[in-house]
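Chain lettering (A, B, C and D) follows the sequence in which the chains are written, and residue indices restart at 1 in each chain.
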Amino acid sequence: MGLAFDAAGLGAYLQEVFAEVANDFVIDRLDEDGITMRLLVDERHLRPGGTISGPSMFGLADVTVYALVLSQLGRKALAVTTNASFDFMRKPVGGTPLVAEGKLLKLGRQLAVGDVLLFSEGDPRPVARSTMTYAIPPER
Amino acid sequence: MGLAFDAAGLGAYLQEVFAEVANDFVIDRLDEDGITMRLLVDERHLRPGGTISGPSMFGLADVTVYALVLSQLGRKALAVTTNASFDFMRKPVGGTPLVAEGKLLKLGRQLAVGDVLLFSEGDPRPVARSTMTYAIPPER
Amino acid sequence: MGLAFDAAGLGAYLQEVFAEVANDFVIDRLDEDGITMRLLVDERHLRPGGTISGPSMFGLADVTVYALVLSQLGRKALAVTTNASFDFMRKPVGGTPLVAEGKLLKLGRQLAVGDVLLFSEGDPRPVARSTMTYAIPPER
Amino acid sequence: MGLAFDAAGLGAYLQEVFAEVANDFVIDRLDEDGITMRLLVDERHLRPGGTISGPSMFGLADVTVYALVLSQLGRKALAVTTNASFDFMRKPVGGTPLVAEGKLLKLGRQLAVGDVLLFSEGDPRPVARSTMTYAIPPER
């Protein structure tokens, strides 16, 4: 099955439906194997000691899996997060973009599950991992 | 064991160590049974459709468990979140304070585990639940 | 809304649809507020040091939430577990029944979410907590 | 850093410390990148409809991460599971070995985190994913 968007098309669509946050994120790669997204780290994402806040990591993981779902389903912005799990393993570096590598593990009729590793750009050790479940409302 | 802080003292301490976010939160109750915290919902916590963003819910759950850990351990601001799980069950109401009811399930030497239910004020059905684990660094 | 079963009726129904494991469990209480289930701990549930195995704790938490879903939906044995989270907080006592206190946090059309605390009988400190999500297949 | 065991040595060590369950599992591969373990599916792992039980999947994921921790730390059997998350995505095939692909995401002084995908042998789509955290007791 082909993707419903390429990286540029998906970025434009996120701008359209999710304008509040779309400017914080860049899609570096989108293909059949998954997605690479990047949080453009700004002062408001930081915590004392120059690390990146938990809510900012949550936001990046969540938009990464949402983008994966949209890349398969196309212009159905209705999927909602129902479950999230996180392991925070290392301190992200504050002054460095936070990069998410995501892939879909399942795309069913009712549920989609995506897996994300977060990295401080340039360091191969993950700072966090997350799995997100999205519920896909039944077609009307 | 007595608490290291009362609600007002803990609120002041959060202001001191966590100034970036402390103004978003109010402690309504702190006692041996747990804590009630409230997110003062502002435009930047919202999402289209007037609901509250996932990162804002993450932030409230996280600060709730952090506050519980501090209320027991006192002025040790070093505990770090290592794991988080979330179930998002209902849409929170955007114009309404988001209220967290938290309690500690475990306070060990290395790990503390806290459980949180989130509510839209005035509705008894939880919008989300979360469990957070904090690692407590060994004393030097 | 009334329950579809009382404790005895639900126990009998579990025997009918889940015979392999139903003999391991007893329902102590079932009412609108939740359920109390008990694992009748047997040699095969144990681990070295006389503690109860992780799979046995998983099984008790899972059957507890399944029973809660059945108590609401009646004879629809088709719900399947889609997500589980666990925090293991203390060592359960091997020679003692393991007791689960469960309650439903959400019963939607597609998803049900239940929360469980596990205790070694007679000790008020939880040995583990779990949340389970069940997907409810659409009616045909 | 080299591994403390090769696959055969680790299998023998698991037999020594974990005899109750070690006969259910085979280590197919152990190297710096991770581990492949296999559950030798037996009648007692099954559920109606010929699928594999949740507790059996829990057990395989748990022993997989435990084996990864041991492969790094050597003969320190004291690590204990503190957190587990699961997404169950497809029905495993009952008559087929269940295969786990595991890797360590973090090995710290206090905590180790491992990630596992479970497959029905011969099908590339994962039936489940799990993350497990082990706490490593401080050296005495």
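In the analysis below, a contact is a pair of C-beta atoms (placed from the backbone, for glycine too) under 8 Å apart; a residue touches a chain by one contact, two chains touch by 3 or more.
Here's who's who by UniProt: A, B, C, D = Thioesterase domain-containing protein.
All values derive from a computational prediction rather than experimental measurement.
A count of contacting C-beta pairs for B-D and for A-B identifies A-B as the more extensively joined pair. Taking the mean Cα position of each chain as its centre, A sits at the greatest distance from chain C.
Distance between chain A and chain D, defined via averaged C-alpha coordinates, is recorded as 28 Å. Remark: chain B and chain D have CA centroids separated by 33 Å (rounded to whole angstrom).
Centre-to-centre spacing of chain A and chain B amounts to 24 Å, using the average Cα coordinate of each chain. Looking at chain D, residues 82-83, 85, 87, 89, 133 sit in touch with two or more other chains. Chain C meets chain A in the complex at residues 82-83, 85, 110-111, 133, 135, 138. Chain contact summary for the complex, chain B toward chain A: residues 17-18, 20-21, 46-48, 53-56, 58-59, 62, 80-89, 91. For chain A in complex with chain D, the touching residues are 83, 85, 87, 89-90, 105-106, 108, 113, 115, 117, 125-126, 129, 131, 133.
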